[in-house]
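Supplied in structure tokens, the structure appears directly below.
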Amino acid sequence: MIGSILIANRGEIAVRIIRSCRDMGIRSVAVYSEADRDSLHVKMADAAVCIGPPASADSYLNTQNIIAAACGSGCDAIHPGVGFLSENAQFAEDVTQAGLIFIGPDAATIRLVGDKVEARRTVKEAGIPFTPGSPGPIESPQEARRIASEIGYPVIIKAAAGGGGRGMRIVEREEEMEEAFTIASHEALSFFSNGTIYMEKYLRNPRHVEVQLLSDGKGAVVHLGERDCSVQKNHQKLIEESPSSALNTAQRERMCKDAVRLFKRLHYSGAGTVEFLVYEGKHYFMEVNARVQVEHPVSEAVSGIDIIKEQIRIAAGEHLGYTQKQLHISGYALECRINARTPGKISLFIPPLGPAVRVDTHLYTEGSVSPYYDPLAAKIIVHTDDRASGIKTMLRALQELEIRGITTNKDEQLTILTSKIFNSGTYGTDIYSRIFQE
Amino acid sequence: MIGSILIANRGEIAVRIIRSCRDMGIRSVAVYSEADRDSLHVKMADAAVCIGPPASADSYLNTQNIIAAACGSGCDAIHPGVGFLSENAQFAEDVTQAGLIFIGPDAATIRLVGDKVEARRTVKEAGIPFTPGSPGPIESPQEARRIASEIGYPVIIKAAAGGGGRGMRIVEREEEMEEAFTIASHEALSFFSNGTIYMEKYLRNPRHVEVQLLSDGKGAVVHLGERDCSVQKNHQKLIEESPSSALNTAQRERMCKDAVRLFKRLHYSGAGTVEFLVYEGKHYFMEVNARVQVEHPVSEAVSGIDIIKEQIRIAAGEHLGYTQKQLHISGYALECRINARTPGKISLFIPPLGPAVRVDTHLYTEGSVSPYYDPLAAKIIVHTDDRASGIKTMLRALQELEIRGITTNKDEQLTILTSKIFNSGTYGTDIYSRIFQE
Amino acid sequence: MTIEYIRSLIEVFESSSLTELHLNDEGQEITLKREKEIQVLSAPVHSAPPAPQPIPAAGDAAPFTQEADTIIIPSPIVGTFYRTPAPDSPPFVEVGDTVKAGDALCIIEAMKMMNRLEAEFPCEIVAIHANHGDLVEYDGALIEVRRI
Amino acid sequence: MTIEYIRSLIEVFESSSLTELHLNDEGQEITLKREKEIQVLSAPVHSAPPAPQPIPAAGDAAPFTQEADTIIIPSPIVGTFYRTPAPDSPPFVEVGDTVKAGDALCIIEAMKMMNRLEAEFPCEIVAIHANHGDLVEYDGALIEVRRI
């Protein structure tokens, strides 16, 4: 078993991981930048090591200082959390070479699923539907035009190594292709040091639905149902829910089975997610996230499984120990992300409490939100019988939530939750702009 | 359906009920004494009515002001919460006569189960085991001696109308009986205006285990498993858990079936509890609590059922709508009561958050604990896979809990949770005094 | 003595239990005073005597006297406030009226009982703080009067 | 001028960004001063320059100068602090030693690499703030020296 874990992250996810460590009797070691001396994860962990100045590149991305801190503080394992080094194959490799356990899939898996072209190849072999597109890298604007005319406009061109909307271009007509291809290759090269480009048919306003998986690398794979993450602002998820209102039982089953089949083929070890686009009742593979995700509590709520605990157990070499049939996925879960719009000192923080509500946050009265990092301030998760009551309970929770000292997107979340379109359950990824009439 | 509920209570239970009202889209009206103007239940409710001066007798027990407040503020129903008027049959009757719905069983049921002698008769008819004792009221010390010699010492003599340890006397030897009988009758008369006394065999250090029931008054009765409340200090419960470590599956099933059979016989309508003593693997009926209980979140955690919602639905005349088989009782839940040891202003309140933890409280930063009422300050509830991990998670939660401005029993709770005897799962109601060597 | 100094002084004063403070600092003088309880006429903070139980004849409720020249008569019970004895009748009292001890001022309905509230002493009606048909709380302001 | 007055004055001063306040109130005088950043020798609050990447020859790490007469040399990386070049060797330096620029002060081991930290200028060793074998944090205090 693992006795001591270094958490190579900050904010709410570091706090979240420390809690599961406590629950398992595992010692937790936090790392922090000079800007995070008073951060909650530093206060809560059993030990904490300063690893650099405020800039992430010099601290939370400083793999050498992080690994040295883990070795020097007697840890057996490193949990990378989300973001930062969580999908960095080189880091996973370095951690392993330092004689530590990397809590996540192995470097080869991270590398494979991180390469969009490679991932598509594996997905195709597993017989999983994906949007029509280029079979591999596209070399020239000419080739791009030829493939686009085969699959039909609009198309989207993407960086093979990309993510987060960078190096992505929607092309509506043939005459736009040359310029779009040139810009996208350039962006891909400058952001990801890899100019490789591929193309897919562009689905207008699909739903973004993903399947949460646990896989022990020894053949046992289960899913914890799906999460619908269609409510996004500039490709940033705002609200996540499970089950998705876009799927019926048969569609859900097909999608989850496809995801499980892919993870079996990958010999995946750990927690991971398969993201799909859902369009007119059909699902199309988008990508694999080889890590735990921000919205994982939604799946924890409906399944009763602690995903962080499972990550740790699997990394320690344990068998999953249960089958899909033994899982009891029930009710409806909804998560709202509360993002800070300004950094600042928190003069008062009152979280919502009571039945059916969970709060994951690094905020506390007298704490602060740093200008250096991600604006995610708190996640509010509710678990109820059905979608209608879940939305009511989330409204109750958000009304109880009070954060003084910074401004947040709480009012925006209330607007979405009370909107007719969100309550209808019928919308696409354009829901945010439809509500706010951009 | 019920559109508006007056909550005839204060503190954490009033806050708890307001939350379920919000979740159901029901308007909530709080009542408060002059000492509770800034109390959380007043702030949270949709409306609030001052009903009297600080003393409970003039405010939270002032049935006329409460009913007038309900009528005058347009409520259809009154929820009595726990304590105060929750088991007052006359109040239930008055509420009904004022044209309002009383959220609880009807006055006749409250009256029946509130009379210990009457309740024992019904229990006997239902074929439920109870401790050997007097078949009815005992008229004289002579009769007491005769019955005691039949069932064997030690025996306990109790006020038929009693509760909370008052009017109760343990009698170890025949020569103590006369004096004990005289004192107990006198106490019964002065505390409960009813000198009726009965007798039971005294079980030394039994476990206190109770079954949570929901019954729609139309024939459908389900249980939500049992709660073990053996950790008590001066008959006040401190820790509650489900399932009980004192029962095996067969014993649990027998006890729950007995409780369900009793509620069917009572044509009970609402949420209620049957309390048993468990001694050497057998259960003995103790009493029925015709109301929701402080420790109800333990059963909510293991069953996924919101008991307050169900109370409201049943009071509104709805059918339960599910059977025992459709319920999924799973995992382990543990509750610690955090009691205030001093009243005072709360300068900082930090509740534990994150996965598997629920907090029910009326405390908030800048709020206060009043000297006039019950010392219950917060309930921390955790829900995990098993007892060992539940205790770990509770320790994590209590370490996160911070209450500045008053003193509480938190350290005492930590001592119990980390004690060898509590962790062993094998003990009786003397566990508190054994840990603290009283 | 700057404004800031005085502000701090007031803060320190307010967070204390003092009711008066006088300071003479080498010829600079300042005096701070306050009432032990702030007098708010429209929302009395004094506790009225506990509502007797069962509900008494409304006239029994002792209105409390304030140090200002008006008196607020608070509600001794929770109920519905009526200014008239019956739907079509004129109000018991209007602002500017004078009444003698024992005259009816209003009715508070609770539990289907009409509780008449009577003047305990001769007085002039200064203001009526509740609306006809309102729910009034325990100790809620009803009628403001001036003793005559 | 009372204690309370001074307390209030300090509170107002502390909640401002001032570093000095002088007050002459008709002959009563007071002066408040504070450092912009509190100097803590044993736990430096100044940021050292960001640790270069990859880990440089340890001598590259610029120790930062403090306004007091001693200088704390902070750790440019996270690693294990060693006072000796090898298990059985004597320490590089002891308190009271004087060293010249380029002399080795200690070793920080990270990622199985031994990083030698060298003096940048001639100095006297005043104190050693980490124990042999300790994990040292980024910017953690290592050795306190006085420039000579």
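Letters A, B, C and D name the chains as they come in the text, with residue numbers starting at 1 for each one.
Criterion: a residue touches a chain if its C-beta (ideal position, glycine included) is under 8 Å from a C-beta of that chain, and two chains touch if they have at least 3 such contacts.
Not measured: the values here are computed from a predicted model.
Novice: What chains touch chain C and also chain D?
Specialist: Chains that touch both chain C and chain D, as defined above, do not exist here.
Novice: Can you list every chain in contact with both chain B and chain C?
Specialist: Both chain B and chain C are touched by no common chain, going by the contact rule given at the top.
Novice: By mean C-alpha position, what chain is farthest away from chain B?
Specialist: Most distant chain from chain B: D.
Novice: Using CA atom averages as chain centres, what separation in Å is found between chain B and chain D?
Specialist: 60
Novice: Quick check: how many Å separate the C-alpha centres of chain A and chain D?
Specialist: Between these chains, centre-to-centre, one finds 40 Å.
Novice: When the centre of a chain is set as the mean of its C-alpha atoms, what distance in Å lies between chain A and chain B?
Specialist: Centre separation, chain A to chain B: 43 Å.
Novice: What topology does the chain touch graph have (line, ring, star, complete, other)?
Specialist: Per interface graph, the chains form a ring.
Novice: If we use the touch criterion from the header, which chain pairs count as touching?
Specialist: A-B, A-D, B-C, C-D
Novice: Can you name the residues of chain D that touch chain C in the complex?
Specialist: 1, 4-5, 7-9, 11-12, 25-28
Novice: Quick one: which bits of chain A touch chain B in the complex? Just the residue numbers, please.
Specialist: Touching chain B: residues 15-16, 19-20, 22-25, 44, 297, 300, 304, 306, 308, 328, 330-331, 348, 350-351, 353-361, 364-365, 384, 389, 392-393, 395-396, 399-400 of chain A.
Novice: Once bound in the complex, which stretches of chain B touch chain C?
Specialist: Per the stated touch rule, the residues are 34, 49-53, 55, 57-59, 62, 64-69, 71-73, 98.
Novice: Report the residues of chain C in contact with chain B in the complex, numbered from low to high.
Specialist: It comes out as residues 47, 50-51, 53-55, 77-80, 110-112, 135, 137-140.
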